[in-house]
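In what follows, a single structure is set out as structure tokens and then discussed.
Chain nomenclature is as follows: A, B, C and D, assigned in order of appearance, with residue numbering initiated at 1 for each chain independently.
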Amino acid sequence: MTEETNHRATGQFTGVVPLDLVAREGGLSVMQGILDGRLPGAAMAKTLNFWLTAVEEGRIVFSGTPTADHLNPLGTIHGGWAATIMDSALACAVMTLLAPGEGYTTVEFKLNLTRPIMPDRGELACEGRVVHRGKTIATSEAYLRDGAGKLLAHGTETCAIFPIGNLKR
Amino acid sequence: MTEETNHRATGQFTGVVPLDLVAREGGLSVMQGILDGRLPGAAMAKTLNFWLTAVEEGRIVFSGTPTADHLNPLGTIHGGWAATIMDSALACAVMTLLAPGEGYTTVEFKLNLTRPIMPDRGELACEGRVVHRGKTIATSEAYLRDGAGKLLAHGTETCAIFPIGNLKR
Amino acid sequence: MTEETNHRATGQFTGVVPLDLVAREGGLSVMQGILDGRLPGAAMAKTLNFWLTAVEEGRIVFSGTPTADHLNPLGTIHGGWAATIMDSALACAVMTLLAPGEGYTTVEFKLNLTRPIMPDRGELACEGRVVHRGKTIATSEAYLRDGAGKLLAHGTETCAIFPIGNLKR
Amino acid sequence: MTEETNHRATGQFTGVVPLDLVAREGGLSVMQGILDGRLPGAAMAKTLNFWLTAVEEGRIVFSGTPTADHLNPLGTIHGGWAATIMDSALACAVMTLLAPGEGYTTVEFKLNLTRPIMPDRGELACEGRVVHRGKTIATSEAYLRDGAGKLLAHGTETCAIFPIGNLKR
């Protein structure tokens, strides 16, 4: 199954969501809109061949299959593939808890790569969950697993939350 | 300047380096071979449009320009782009200190994203340096900056080092 | 309740466990021995007024109450108190999975401090669980909560595992 | 040399700095006041036997000697000792850049322990430096070394900065 097939099968597409729409709808509605194909998802997700598979309050799942385009020179999938799907799950889990008028940004994340990702691992799933939602800081954790449930990576992230219109850090 | 132009201009290409060549040459020679276009670099680097610009003992620089393919839905460059070039610099810095017969793998990394990366930031440079080289564990740090020297991200990484032939963790 | 009372009530005491005993018994038996007062626990735990409250395969709980000795100059409990009880839970959870003949060391840990710890928070509990146990690398996660279940800190750790007798990194 | 001697020799003492004094003087002046013995330092620093040895804009050094009170059960100094002096250097480096009216709190930190700390390592020095100072987020890095310059630990931290009076996260 190719990337195109996957994205076409899900009905998801990529592009940019206007910030004022995020401000108006709030984070959960926007994430559900991306899942349903009403709003565009990340171009980066398409480039790395993963897509949204679940959205609820405080929880997100992305699924995807790394390809030959994502190899490092030693023949395994680049750690950056795991980092990108992990950051997506970690950040979007926080996004589901944003009220209308709130924006956010990733401050930091850390991940452990617990097993090498070989090109033939099949479709992988990355689940992100909010751990703490404060007024201006939120944290989340995520786990990347293969189809057999083997853990490939896990990590945590810190996001800063702010009123939209105040993007300066 | 497109990705193809950059990679063509540098003479660098992508593919997989056989593990027994790494075992025979050692890490510094392999990294210099990728820089010189004698050996293939990471397919992932091409996919994310960055390439090697400097290699020495314990130090690596990757440079690159994120494109529209690397956006997140909110219109900034995905944190995964920074994570991938950072992981490349952090890991390859360690690789330059591997003796013949040694292999390595990334155990974990953490990065702070200090400024949003907008699509028009131009060419960025990520410098990685080894902080500690032990017998079985090495650590490194890296800094991602734009052309004006503004810091966009920084982080640290842990790698495990082992005799090639013993890839099990 | 003072530190002395707590340690006396638990029957736990502090000191150093001979490495050859660790090599002979394995990690779970040693941790249970500390819990039961058969073997000495960490002097550092007594200094920071916390003690073991649960030990099982892959899971550890430390409980304790920070005191005026653990303040920072701004009147809250120093982040180092949380870091120390977290590192204890993160590392000892891994220790419970060490077979006879295996030793280990902490490679790195990262923690988020999600709420300030005020001196009157009462007794806190820190639960650590192993996330991944590989041959030479293990990872764990831990959560520090107050008596009402409010999350004060969470984090992850990487440990290196090696045959005892080979302590060089 | 004992802890008491050290603290007496430096003239530094411990206690709590009133928050309105921090608001009035700004961070650099307060840190210099602790160094000079005009204002109290952290009780936690005394408990762990370390003290301030240098303060300048964006840079802090703490020095200290772990003792038998800081051992873990396996006979090395507990990782929490390193974590505490590191967090102190990482956070106080940020504090030196706070303007009057600004407060701050540690959001997260990560450290690598690169060598075991044996009880006879002598006096250790931990240098913290600000890496990024934004409007509401600052990051720092620190390095813990023994008297011979051997690196024992290194790490990074994220702090949140806010107007004093707004302590809720």
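Couple of notes before you dig in:
By definition in this document, a contact is a pair of C-beta atoms (placed from the backbone, for glycine too) under 8 Å apart; a residue touches a chain by one contact, two chains touch by 3 or more.
Since we're looking at a predicted model, the values are computed, not measured.
Between the chain pairs A-B and B-C, more C-beta pairs are in contact across A-B. Counted by residue number, the contact pairs of C-D are over half the same as those of A-B, the matching pair from B-D, A-B or A-C.
For the pair subunit B and subunit D, the distance between C-alpha centroids works out to 32 Å.
Computed from the mean C-alpha positions, the centre of subunit B lies at a distance of 35 Å from the centre of subunit C. Rounded to whole angstrom units, the spacing between the C-alpha centres of subunit A and subunit B is 22. Residue positions of subunit C touching 2 or more other chains: 107-108, 110, 112, 114-115, 134, 137, 139, 158, 169.
On subunit C, the positions that touch subunit A within their shared complex are 110, 112, 114-115, 131-132, 134, 137, 139, 141, 151, 154-156, 158. Within the complex formed with subunit D, the subunit C residues making contact are 14-17, 19, 22, 30, 34, 39-44, 46-48, 68-75, 77-81, 83-85, 87-88, 91, 103, 105-116, 167, 169.
Within the complex formed with subunit A, the subunit D residues making contact are 107-108, 110, 134-137, 139, 158, 160, 162, 168-169.
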